[in-house]
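As structure tokens, here come the structures.
Here come two complexes built around chain A, the first alongside chain B, the second alongside chain C.
== the complex of A and B ==
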């Protein structure tokens, strides 16, 4: 024996074997107790519920979007759950990263997910959509990823929000209706596909509609602390209205800068600007008169039930991410019934039959009346709100 | 026993190859029989890429003794050139496997070139200075890729360098049949996923064979000599820059191939993926696996890639738990009391300890 181990032992890397065994042991122990994650909705206890997965960045820089989406899904699963069609949901974190998102998707698939509402961010959604659309397929509806690449050439992938080109075109059409005589400056984040995507479509459509765009200013993520330079240039160019398809944090800086330099200018933003009234340290009176093209307003009468339920559950005012996610759950439930699929249907069967059902339904949701075309893109009326007395008022 | 296996080191290497092949066979068998959860099955290709990254960084950090903190930069170069190669050859080479091999070669070649160009100034430095400069280089590559817009049509590949941030895909002037591959800050999106676990396994084997044979060769002994005592090595006529450069370029080439494998396994890849954190992650694999210990790197890369996913049920606390696990492993593997205890239980331990470092 000793001679045997003697010849074998010198080539055994004991340390790595020990480490490997320890690691594998740890993972298997952990894998054994993996039922405790954040499951919500009703019917989870008896096991016979329709399983909806949600993916979004629950930690990291984009966590607020991911949490909104996952909360929206959880609340949707609670509200649309019936005795005949109970729903349960599970949320996974992807830190807004494609690789992590695919992992999250696969672990939800292991959980038995029948339909996915997510991922939240565009890059992660493109990566996951490819996996969801390859065998075995899983039906996916992203509430907030707005690039056309997400749905392109995929049969079982849908969007519940406008894609970027649509949003840019809609914005140009709305501005041409409401402010045909203003001189526009476009402010966008060239490092952000969402912002740049809207800008590209807006500029093209604005030229077609003969809107006068006198200037374009861009910035990047790492230079969004001051826009005084860009504003000075815009002012010199004679711009009287800013079109800013940017997120609310840089938008708050933009408004503050404009106010500091005494630049009287109108501004319109897109759905990314929803949330500007909640920016810490921002004087919200500066946002008075700000136009936003967003599908959802928490101040509207018809959304009051959802807003109150959301406030009660998560102690914050829901934003459009939560509303889109809620509508996505709504659409999936409606489409399941439309397609006549059973609650325990196989994910692959759902992915095959649900797309046809989704394109035939009409959802009266929080974000308007939603229908889908066969490319997986949503069709709903763009809505423009203006902020008055700290509330969104339809413009 | 054949003559060449009488050499302890050769035997050690062959056992390493054997273990990797065995692991591949076992995993493939389990996968074919649906014994692996989808969560792990989906990670097999990234794990292979990380293993190759760990092996290649170990060549620089462990074998050549140069601390490089910009390794993700080479992975990025390989990933994007590999993606462009794979996408632009989609029609010319319909076979996914051959296309992937071409992509890996292109990725390796461009990363090797980048490694050579960067190595010329960087390898004049050593120690902390080298670490800082490689770190900066990694960040530069990230910024450069963020500015790139690349598309392809039947006339060839079109590329733009978007320095002002005002150019878009439309400025490429692609024809109707053309399509964009890399879209600036958005990174590569909508790309085909052609990487397979088998290709990943082959790449791991190639990386192992290249690195282990390099280390055992005359060149490898020179690299080790430079690491152990630069002045002594120079005094006997070994060109320190040349041998460090060899290690650096080989390592960059392998990292590029790993990047191409990784890039072609996802439909979307943004440049920010290959940031400083990625470089550190790879360094953690190398350090935890043991400097100069290739087998350790492989195990560390595989375990530490799966670990954060396996910790998902801790939800918000999982990265905290992950960090604690790392610290415990670090303490446990370097604890003298623990080592003494093990050596008492296993008297062979001391001779093993030398053997463990046999890779380098």
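== the complex of A and C ==
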């Protein structure tokens, strides 16, 4: 879902709070993946393990995403290791920057990485996908970079998360099913490719499905402090439901403003909305009845084992980034067996044979049932949750 | 018509916040003849202090505002003493660069102390607005903001016009050397100006965050720049100018968002500023108010 390019993002990491209070400074935050090049999983000692690399921002503004991904990979390597097929992982920090991400990729390649789960953010993933797809190729599956540009025209690059157009289309289909009679306003960040990408696909699909979209409102990063004017416009246009493919920080402002205006309106967001209940100081009662389309819920019964193991290991509740990364490891292990590849297979051989295997497997993962098309895009059922009593409940 | 009035109310409320910030800019510029670019970040600090006092200590909102005012006043005096006073004889560019440095320092300090994760600021005012007003988007915060803005402006006009300290400030503004010869303690007067400016910043911070609840280390930057624009728009150094500039800026922004484009609103605001400055280089009030504060 993330479309960070490494410059600025309003969604910052929670760890820096702790580190900041401890006076450690933003550059030393390496919690989770305890250092920028930690090794995990079993079989690391005897050297005969399948090597999975992970890349994400472990420091800086987007560190919470990168740490989740690296933790997810580490936990995945522990859980999916078997005696015949031991796994080991190594994480590298890219600070959500394309150039640093390519360096991280190269250093993992020197380590002997056989498959990559990462990078975490879109800008970095586009840069690394180029390198991974040129000789000598390395198989790559990004858990969270959602732009279609990441996988476009590349044979060995896959996504474990929905891409933006898919998510927009899915949202339109779901809304047409659940709320055919509402009048919609689309509320998006025109300066953010994630938000704008979902919006474009949503609007096209909504027209096809004859959803009534009465208004569209946009904002940019530098003007996300107050949405009263946009809401006034939407209300005037008669909108009864907001579709907001935006991050949770502006979403919390949107809900607060709507409440102050006394504008009673339903709202649905996408996976970027996940996290809204964790905003410090936010009156979570405002989020009651909010719909979100997100692939993973830590509150769901079937994910309890993963959630508990994750909590025990990293002392926090896993988010969808961790779940997507865990599923990516799951998929790689399954595809390796499907392709009949040996544990010491050459990365180039893996990159050649694994894609066909990935498109033929079906992974029962944390984020649903995952299958892949030959473009590298994932197909899974979107799940819609509604917030009730401060928890995600299937809608 | 109702909708138009709603936009007008939105613009007035946001404009009042800009006006309070702009008053701080204009005070400091008028007297110390320097652009205090760290002003926006003092606002952010004020908001954080208020947030901490209400959320972590559980004290009432009024106490939190007072705490914010005290902390920011001390902070303002400290900044002036440590960063600007040693540069009193240096050129204006050196001071300007220092101000930008202080701004970055405050932002990063805030990130270290409170983290980069945005916090949601709970509005400090929570009384019910009568229904007939609510129909026009009038919220408790906007009422308080507009009233606070008017009171502050009147108080500043009175202070600079009638009190001894105010007269000293105006004297320093006209000619520092001459003021010193007349027995005015210029350094103390400038410190006082910073204290007042920073106290205003604390109030502005609390009101800004009550109006738009996201609190993060960069919260003060954009409103700070817009308020600076408003101060220049109205004629920097002029108290009524800052007030009118702030209100107009808020209204122009609201109308641009409402009737032209939400994405282009900022560009339109700054385009209007350029046009005004082309026609009236001293700003709206710059020319007609000879007594700069």
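Note that in this section the second predicted complex is superposed on the first by the 359 of 395 C-alpha atoms of A that agree within 3 Å, B and C clash if a C-alpha of one lies under 4 Å from a C-alpha of the other, contacts with A are read in each partner's own complex, and residues count from 1 in each chain.
The rule is simple: a residue touches a chain if its C-beta (ideal position, glycine included) is under 8 Å from a C-beta of that chain, and two chains touch if they have at least 3 such contacts.
Small disclaimer: the values here were computed from a predicted structure and weren't measured.
When the shared chain is aligned, chain C comes close enough to touch A:253, but chain B does not.
In the superposition on chain A, A:97 makes contact with chain B only, not with chain C. Contacts of A:193 after superposition on the shared chain: chain B is touched, whereas chain C is not. In the superposition on chain A, A:220 contacts both chain B and chain C. In the superposed three-chain model, the partner touching more residues of chain A is B, compared with the other of chain B and chain C.
In the superposition on chain A, contact is made by A:236 with chain C only, not with chain B. Of the two partner chains placed around the shared chain by superposition, neither chain B nor chain C is touched by A:340. In the superposed model, A:107 makes contact with chain B only, not with chain C. When the two complexes are overlaid on their common chain A, residue A:279 makes contact with chain C while staying clear of chain B. Touched by chain B in one complex and by chain C in the other are residues 10-14, 16, 19-20, 23, 26, 190-191, 218, 220 of chain A. Taken together, the chain A residues at the contact with chain C in this complex read 10-14, 16-21, 23, 25-26, 61, 190-191, 217-220, 222-226, 228-230, 232-233, 236, 249-250, 252-253, 256, 260-262, 279-283. Listed in rising order, the residues of chain C touching chain A in the complex are 3, 6-7, 10, 14, 51, 55, 111-123, 134, 137, 139, 141, 211-216, 219, 222-223, 254, 257-258, 262-263, 265-266.
Interface residues of chain A facing chain B in the complex, by the touch rule stated above, are 5, 9-16, 19-20, 22-24, 26-27, 30-31, 33-38, 58-59, 92-93, 97-99, 102-107, 109-110, 122-124, 126-127, 129-131, 134, 147, 149, 152-153, 190-193, 196, 200, 216, 218, 220. Against chain A, the residues of chain B that register as touching in their complex are 8, 11-12, 15, 37-39, 41-43, 46, 146, 162, 165-166, 168, 170, 183-187, 189-190, 193, 266-270, 273, 288-290, 293, 295-296, 298-300, 303, 306-307, 309-313, 315-316, 318-319, 325, 329, 333, 346, 348-349, 351-352, 355-356.
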